[in-house]
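Quick one: the structure is below, questions incoming.
For reference, chains read A, B and C in written order, and residue numbers begin at 1 within each chain.
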Amino acid sequence: MNGTVYELRDVVKLYGQREVLHLDHLEIPRGEITCIVGPNGAGKSSLLRLLNFLESPTSGQIIFDGHPVNGQVPLALKRRVTTVFQRPLLLSGSVYENVAYGLKLRGEKGIEARVRQVLERVGLAEFARASVRTLSGGEAQRVALARAIVIEPEVLLLDEPTANLDPYNGSLIEKIVASLNREQGTTIVMVTHNVFQAKRLAHRVAFLLGGREIEIAPAEQFFTAPTDPRTAAFIRGEMVY
Amino acid sequence: MKRNGVRLVSVLLALALLGLAGCQASPTATARPQPTAAKPTPTAVVRKMGQLLLATTTSTYDSGLLDYLLPDFEAKYNVKVNVVAVGSGQAMELGKRCDADVLLVHSRAAEEQFVAEGFGLKRYDVMYNDFVILGPAADPAGIKGMKDAAAAFAKIAEAKAPFISRGDHSGTHIKELDIWKEANITPSGDWYLSLGQGMGETLTVAKEKGAYTLSDRGTYLSRKDDLGLVVLVEGDEALFNPYGVIAVNPAKCPQVNADLAEKLVDWLLSVETQEKIAAFKRASGLPLFFPNSEAWRAAHK
Amino acid sequence: MSELFRGAIQALRLILTLDPQVLSILSLTLRVTGTALLFSTLMGVPLGGLLALKRFIGRRVVIALLYTGMGLPPVVVGLFVYLLLSRSGPLGYLGWLFTPRAMILAQVIISLPLVMGFTMASVMGVEPELRLQLASLGATNWQATWTILKEARNGVIVSIVAGFGSIISEVGAVMLVGGNIEGQTRTLTTAIVLETRKGSFDLAMALGIILLALSFIANAVMLVLQGRRLE
């Protein structure tokens, strides 16, 4: 199963009494862009937290790169995955310090060159010494993306990364994500409520509703010939509860 | 970010250095001889050899008598006498709790009870001075020149003239209460202010309010010039203020430096020291204390 | 009010002539407060951060106790420490009473809750999602906690300032447990009480001005630490 980076079996997540996720079987293929779509409250963000090992499932099995993940996740494993959230969540200080943060945590060398390179990539080369307080929303989110890219994760998770952004920055981020996948083979899992974004980027789409996976299919099939009527309703833009 | 972290660490280091300096023996401002440290005895930790704790009253300490007397004792016996100045009541509590070695206070009845209850070895007369009734020159209660303290208090109460009491169970306060009792009066009302503070503070309040108060002569003399209060009643035997010295009982308090305490008591009572006490004058040129030890009385019969 | 002016002149004279008694008092004040503040900071900042970030059983009770501790009357603390360190008390064998150590202990008890409480509040003010983000970037618990503490740095420094203010000007507790012994446990505040009691208002005022100057300098240092972060 080398083509699969995540396999989730009978994964249930409860917050107190509330069931937010109940996935019978979900696979995330390696090297592809998988988009997770669904209405609000469908459990998409919770799923991302499980994939980044920020939380543990209440029951069920997660297999990462062929290794079953139980209880305490080894740090080395955790550090192969990172998330870009909807808000940039930057630390106070300069752009450089923020982007270098993940590298410093890992005690890596050659930080300066790598930071400069990734800042170029997101179009913020002259912003290295700028204070984050001076950034616009779109620039801040690009810094967050740079911070994630520079540590060269195997898996990049994104939770509605362009939801708060203007079209220019939104499309810039989409391009960077797409090129990251194309050139480095990074596995991308992106949560979005924007059907059009999913159409543009995804190789594979999973539709979540009420914490359950309704349909998972290659993008083309998902959009042109969905098997489940609820999927079709969602694609049409109808609010699906 | 890193630069500021370095700054934070350097300030913490500075604090640490200050603190470590404090852990060593603190330097003394005057040239007092340094005590040697002692090994703790098996049963109790004796205060470091060569150190005594003398508890006395604030008025005694503020008069400056001890700063004048003690250096001789310290030099002679190679001792450091640490003086803590609190109210008589608190001084005796320190004695009962074994936190002091010797008491020098002026609250006769309480002193005798202290010894009777076994906390002190014996009470000895050391010196005396007197109390005076102070008040504004205008003297609204008309007590100037009276020879009977209780009667003067009675007139103050009758006139409801403002009176400031120390209210802190000090020797002065106890004396004041005794005089009220003698006059058969329980003072209360807006005119009677009970502070719960030392003599100095009490005099300041009396000055501000132009009120009557009872004060030891020594503190009065040291504040005379800026007080604006005058002596209205003096000389009554009831205003006699005897000081006693008591060594804390080692049977109840094994940790006290009984040996040195005894030496201090003996030295205070010796004729030589008593003459020094008699010679102690302040800026006013008048003696503040009158020697009263048995030895001195015998030598001056 | 001429005492204020005369006091200022005398303060200058005492400092410039390096009056030994005043230097001794000043040095002791710095040592006692510096040591107490150091201990309070080293304990209070990590504990405050922990209290803000970790959920455990009885957390609310601990926070309620902390709030109570922040409002403790210093003289009550002094009484408590005295009874603790008294010869006839449980820790009498230490022999700390009427020495600077007793004063440091009292000042730690007074300032620690303030450092801890204000640190806790400022760390709680850092947004909770940030912790998640730091974890996703690969931070261990300790790394994340340290980063969050640095984010809350302004508030943490204010907590130290509050701790400092609570003890530099405190007089009841240090008088009780220190005894105001000349050359040994006499600090600026206890010396001021003594001189006021003796009616030496000019000297008392001079000492007061020195105390204020000391406090100002210390707070200016704190301000430097906050650096650009204050804009």
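Here, a contact is a pair of C-beta atoms (placed from the backbone, for glycine too) under 8 Å apart; a residue touches a chain by one contact, two chains touch by 3 or more.
Just so we're clear, the structure is a prediction, and the values are computed from it rather than from any experiment.
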Which one of the chains is closest to the middle, using the mean of its C-alpha atoms? C
By count of C-beta pairs in contact, what is the leading chain pair? B-C
Sort the other chains by how far their Cα centres are from that of chain B and give me the top one. A
Counting only Cα atoms for the centres, state how far chain A is from chain C in Å. 47
Whole-Å separation of chain centres (CA-atom averages), chain B against chain C: 31
Report, in whole Å, the distance between the mean C-alpha point of chain A and the mean C-alpha point of chain B. 77
Residue list for chain C, restricted to those that touch at least two other chains: 150, 229
Please output the residue numbers of chain B that touch at least 2 other chains, ranges allowed. 1
So, in the complex, the side of chain C touching chain A is made of residues 127, 129-130, 132-133, 135-140, 143, 147, 150-151, 229
Mind listing the chain C positions that touch chain B in their complex? 20-21, 23-24, 27-28, 30-32, 34-35, 37-39, 41-42, 86-89, 92-93, 95, 97-98, 100, 104, 150, 153, 179-184, 194, 196-199, 221, 224-225, 227, 229
Which bits of chain A are touching chain C when the two form their complex? 49, 52, 54, 75, 78-79, 81-83, 85, 87, 89, 91-92, 101-102, 105-106, 147-148, 151, 157
Flag every residue of chain B that touches chain C in the complex, lowest number first. 1, 4-5, 7-8, 11-12, 14-16, 18-23, 26-30, 32, 44-45, 47-48, 53, 58, 62, 67, 82-85, 97-99, 198-201, 203-204, 222-223, 226, 253, 255
